[in-house]
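Here chain A shows up in two complexes: once beside chain B, once beside chain C.
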Partner chain A sequence: MIAYIVRRVLVAIVITFFVTLVTYLMLHIIAPSPAYTVLGPKATHASVAAFNRAHGFDKPVLVQFWNYFTGLVLHFNWGFSYKLDQSVWSLFKEDFGRSAYLTIAGLVLAILIAIPLGIFQAIRRNSALDYSMTTLNFVLYSMPSFFLGLILIQVFALDLNVFPADVSDNITTWVQALTHVRQMFLPIITLAAINVASFSRYMRSSALDALAQDYIRLARAKGLSERLVLTRHLVRNAILPMITLIGLSVPALIAGNLLIEVLFNIQGLGNLFFIALGNEDYQILLAYTLFGAFLTVIGNLMADIAMTFADPRIRLD
Partner chain B sequence: MTDPAAEALVSGFAHADAGQLAPNGLPEGPAEPGTPDGGEVSVVTSGWRLSLREFMSNRLAVIGVAVLVFFILFSFAGPIVDPTNQSLANPALSDNPPTGTHIFGYNDQGFDEVGAMMRGGQTSFEIGALAAAMAIVVGTLYGAVSGLAGGIVDTIMMRIVDVGLSLPYLLVILVLATKFNSNVLEIAGILAAFSWLVPARLVRGEVLTLRERDFVWAARVMGARQSRLVFKHLIPNALSVTIVNVTFLIADSILALAYLGFLGFGLSYPQTSWGDMLANALQYLNSGYWWLVYPVGACLVIVVLAFNLVGDGLRDALDVRLRRR
Partner chain C sequence: MTPALDIKDLSTHIQLSRSVVQAVGNVDLRIERGQTVGLVGESGSGKSMLGLSVLGLLPNGGHIVGGSIKADGQELVGLSERELRRLRGNDIAMIFQDSLSSLNPTKPIGEQVAEPVRLHRGASKREAVDRALEVLDLVGLPQPRQRLKDFPHQLSGGLRQRVMIAIALACEPKILLADEPTTALDVTIQAQILELLDDLRDRLGMATLLVTHDMGVVAGRTSRINVMYAGRIVETASTEELFAGMRHPYTQALLASIPRLESDPTKVLISIPGLPPDLTRPPAGCRYAARCPFADAQCRAEEPPLTGESPDHLFACWHPVDGPVKTPPPLIVDEAAAAAALEAKKPAAAEHLLEVTNVVREYPVKAGLLQRQVNSVKAVSDVTLHLDAGETLGLVGESGCGKTSLGKLIVGVEKPDSGSIALDGREVFKLRGSNLRVARRDLQMMFQDPYGSLDPRMRVSSILKEPLQIQKIGTAKEQTEKIKATLAEVGLPLNALERYPHEFSGGQRQRIALARAVMLEPKVMVADEPVSALDVSIRSQVLNLMKRLQLEHGMASVVISHDLAVVKYLSDRIGVMYLGKLVEIGTGEDIYRRAAHHYTDALIRTIPVPDPVIEKAKTEAGIRGELPSPLNPPSGCRFRTRCPRAEERCAAEEPVLRAFSDSHRAACHFPLQTPLETALANSATGEHA
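The block that comes next holds the complex of A and B.
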């Protein structure tokens, strides 16, 4: 098992390296140097050349990549936003908490709803309730998160006026985000609802698979109460695939986070990225894309490793 | 050793009288396709026809097809049946509410909203279909080659897919969208550039099991070249995986286009997509111009939903292992 984990971590490190390389090269092809953004479109060739020399943008691209990569690994240097005249890391630090709060709250809420819902649907399969929940899940699954958010804004903010439509500027730290739950309510619900849709579909089919197994029949046959059958035998087996699903949901979470932060005007990483898109601030775009890619790799890695601990059927020699 | 001709004759009789004869009395040898296991004799039905019957019995999937046919007609034939002014801005009609003949009113340009929805539908279907087509062709070929090659080539090709799948899809297409032109072809290309990875992985998995099958070995023994194996044997037999994936790819591409449009990186004016229209309508939420928000949003959700339903139906119909008997 240790050998497997070590090998899996090594693979993840190799993939991380190549992801960084590919992303760097892609961004380099799109925007080789930030000189014109910094100096303005009317900058002379000489001043551009001087800027490039001063900041290392005149070196061969692989050398530039290597400098960026070593800076990232050794000094945790994510680059410098010339547009905002600030290091990318300091910008990240400012916004990270709010994004993490939104995403983790949405994810946890989604899991807490999806697991009981999926199991309930599996037990009462083909009932009217199962059909209506499946339909609702299908609709939510096909719905762009921003459209769902838009409907929620219309209903709860504009018509009923119970929750604010966007998150006000006075939430400057992520601690305040924690205390201003009412403001964060709609964004968190939106993110959770979208995730419930995909999670509970898997949960339902995974619970259906588990229900058909002999150990459930045995548990019932030996006279175990239905409650114990469900909690001890069904749930513990049925939630195993959720580990993988949650690990693989990182890209979807990043996308949902971006769209919802833009819609509700939350000053998080997604919004930072969105503003950087408009500013053509490629240092931020590079750093956040890498950040998302690293989280994706880590999510996959954690899912694989967690599975080896959680599922005793997986024997690795 | 028995005479093959006699054996065929016996087995022929056995088939004809399968109702009376014990099934285990059948002579040895390769069973004919469609040989009943020992029940009544039935007409041999091809796999595709069985799949079609299975699909048609799935009510939701059939509704999905009907919905898609409706929306494709709405988008492409609609402007011919019901031509509206979609080119000359008319400020007098700007944001006018619905009337009897213009059921969803007018947008900020004074264009008929239903007509705009038709135009948005065209680009959504075009980009969805184009992106899915490009992704599936590249993905299928890549997956088939990787699976057939095996060994180190396979490992490297699949690690490349791993790297690509580690890139956050929405972020990467947004970054690319800042530099590319916002027309149908280039947006479809950007979407396809990062959506061929999943079909590649699926097809490769399918090819790994296919390439050990007898018919592939037989083709090899007969001296078939690798390209013939890929195009004549592996890809056709992995087709069910591919077909199912295409519908999901179209749904995902239409959604991705909506995300691009919502964030302001959709098609450039005067072209429009449903996502662009929603982004534009966002500012009118406060004014209560519901006809600019909900009809187009509903189109988007219903079409994506229909593609997902059809995809689910196809998966159930084409997956022999799931087929009900």
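The block that comes next holds the complex of A and C.
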């Protein structure tokens, strides 16, 4: 068990290293130095060279990478935004909390809805209810998150006026995000709805697979009621495949956040990325890309470790 | 006294989206307390649906359309779901075929056994666990207390089956429905489980319905047998009478189609032509008429009633037969062609066509932080044997004995870790490039699963043409001719060429697989469990065909099977494997009549014979215990842990193959036969027949 987890973590570290290397090199090809961004397009060669020398951009690219990497690992230094004249981490710190809150709340809500919904659809498969939920799922699934968000804003914020459409005024720190649930409600719902669609489809097919298993028949042959067959024998087995899916969707959620954060004007990582993109602020873009990559690795790692606890069949040697 | 289970005129239908399957039609069946009744039929005969009807657990769309089921006098048809639930697992319990998929993989077995006790008896958690321990002990699970927290995958197939039986027995049911309880198990374990069921029935006085396709299984374990065909009971009689004096042609053919150890290999097996009818549109008259050699106009028009001279022996046939087939017809082979084919395949350079020398194959097991190899599965351990042109060698043994691995090594799809495999004097694994490709031509394989071994997206014509194209044999026209000729040989119509594998039945697919294997006129064909996946009545068709083709093509073949009777019917010589070792090899008669190794002897005694006289005379269940792990096989003789004659010497010293006659060798320190004086110096010199 311990050996398994240690090995997985070691592998994750190696992957992380190479992801960082490749991302750094690719960005270096596009933008070798932020000198022109800082000094302006009319800067002289001499001043650019002086800037590069002063900030280490004249060194060989691998040395630059190594400095960046060691800074990241040892000092949690994500780089420096010359455009905003702040360290990237100081920018991330506040925004990350709000994004994480949005993501986690959206994810948890999606799971809480999708798992019972999928199981319910599987039990009542091919009923009118199953068909209508399937249709609704496909509508949600095919809908871009900003479009769904716009509809929700129109209905709940403008027509009914129950939830605010714009949350930026009320929430400045991430602690406030936690306490101002009403302000965060629409973005969380939007994010959850999109994910409910894919999660519940997956849950439905996984529950259908489990329902067709012989152990469900044996459970019925024991004389268990349908409710007990479900709670005792179906649910745990049907959820197992969901663990991997949820682990993989963590980074995807961060990407999904981007549109929603922009739409609802939430000061989160997505919005930061969006602004950085417009500013050609490569240090932030690099950090955001790496952040997504790390989340992918961590999400996978967590799912694998969770599986070893959830499924006794996974051998730990 | 009211019978424990009394089924009268039961009909069950299954509603599909566009049609209705008439799965069970007008079935009568009764079982007394303490009696075991057999229900025999092929897949799709409705035997499982009958069992599920009793429990009210029919699949979606299934429902009982008429008749009555009385358990201990109580009518079950029409009971509410709630009332049925009170009976299920309490008064009526069921055992299913596949214990791996029938046990919940994420729940400890103790909980699974305790569950019905808590449910039906309102027992506390503690009482339920105590009861679980009691039944697990009753079904012979060793050290049940230590295993309560084990998960199903941690147990072997035989132990899992015991757990499933324990679940069924937890509430001491009055009726036990056993649906193919031993089909997924090895013969040695099968015998143990059947004996356990017998013993438990006697002790608990249960009425048991034994549902199976295997005539051998019912022969020794039942007092009465019902034969089911296409949803109907076609014959019912006491076990002795059914085997000795069956009246229905289906029963007769079914029994005659099973190869037996004592069958004469020069005779063909009786086979039933065609396939069972489609039960969404059952034929008007007798449902067996289309496949019956005695059928006439009356049979096709009018359905025969289930009658008979005595109420104890009923059958549904207008032209009943009188007892078993007396003399099966001989196998007809084109002798001249066979002799010519054999001559062409004789080895040119070497003494034997194929020589396997000291072959070892081990699969590494890795563990730990650095995934270092910590152990290995000893699949094939130092096996030496040979094969002559045109000869058939059978390989038998329990699952995990290495017979399939050895087969893969022989055709060259896997490489041995050490040792050599030489085809006509040339080592297969030293060949490179085009030489290797040409050598592969001579080594072909036929697989067990006719569904998985044919590419579903390829037409039969492409499947058969591919080997010719790869080997660049003949022009396109010659290839087409060859394909047509081979197709005719395996008895498939020409229009099969344009069809896809899913359009064929299992038996037909095995014919396609056989056609593909012989396409290149190989010198050696390895057939791995060629008929295991087929229904009984189809099996004999394929076996007859394999036998004829082998002879006519002069092919040497290796037939791998867990079924000694199948192997003996097809083979000239038989090798018996145990835990990676070849423990005995000899002619069919050597093995069957003069077995020298205790394992071979026990294996032969364990195989259920479709004859109640022989079966009921058996007093012991043959081999005890389970196959040891191939990770750490026992020292010395690997069979010693289960051998009745094992002594200290067997643990200390590994027995070598000793000769018992020119053709017969066995590796045992205390053999059942007297070895020849000239014992081989050591196993490394192998056999020189």
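What we mean here is this: the second predicted complex is superposed on the first by the 314 of 317 C-alpha atoms of A that agree within 3 Å, B and C clash if a C-alpha of one lies under 4 Å from a C-alpha of the other, contacts with A are read in each partner's own complex, and residues count from 1 in each chain.
In this section, a contact is a pair of C-beta atoms (placed from the backbone, for glycine too) under 8 Å apart; a residue touches a chain by one contact, two chains touch by 3 or more.
Computed from a predicted model, the values in this text were never measured in an experiment.
Undergrad: A:H233 in the overlay: touching chain B, chain C, both, or neither? Say first, second, both or neither.
TA: Second partner only.
Undergrad: Quick check on the superposed pair: does A:E94 touch chain B, chain C, both, or neither? Answer first, second, both or neither.
TA: In the superposed model, A:E94 contacts neither chain B nor chain C.
Undergrad: Figure out whether A:D311 sits in contact with chain B (first) or chain C (second), or with both, or with neither.
TA: In the superposed model, A:D311 contacts chain C only, not chain B.
Undergrad: After lining up the shared chain so the two structures overlap, which partner does A:L224 touch, if you call chain B first and chain C second: first, second, both or neither?
TA: second
Undergrad: Looking only at chain A, is it chain B or chain C that touches more of its residues?
TA: Residues of chain A touched, chain B against chain C: more for B.
Undergrad: Output check: A:D130 vs chain B and chain C. Expected answer is one of first, second, both, neither. What do you get?
TA: neither
Undergrad: Please indicate which partner A:D58 is in contact with in the superposed arrangement: first for chain B, second for chain C, both, or neither.
TA: neither
Undergrad: Could you tell me if A:V6 is touching chain B, chain C, both of them or neither one (first, second, both, neither)?
TA: The answer is second: A:V6 touches chain C but not chain B.
Undergrad: So, does A:D166 touch the first partner chain B, the second partner chain C, both, or neither?
TA: neither
Undergrad: In their shared complex, at which residues does chain B touch chain A?
TA: Chain B residues touching chain A: 159, 162-172, 174-176, 178-179, 251, 255, 258-259, 262-265, 275, 278, 282, 285-286, 293, 297, 300-301, 304-305, 308-309.
Undergrad: Touching chain B in the complex: which residues of chain A?
TA: Residues in contact with chain B: 14-16, 18-19, 22-23, 26-27, 30-31, 138-139, 141-144, 146-147, 150-151, 153-154, 158, 250-251, 254-255, 258-259, 262, 273-274, 277-278, 280, 285, 288-289, 292-293, 296-297, 300.
Undergrad: Any idea which chain A residues touch chain C in the complex?
TA: My answer: residues 3, 6-7, 213-215, 217-225, 228, 232-233, 236-237, 240, 310-313, 317.
Undergrad: What residues on chain C touch chain A, complex-wise?
TA: My answer: residues 55, 57, 85-90, 93-94, 96, 98, 101-107, 115-116, 119-120, 151, 153, 164, 167, 367-369, 371.
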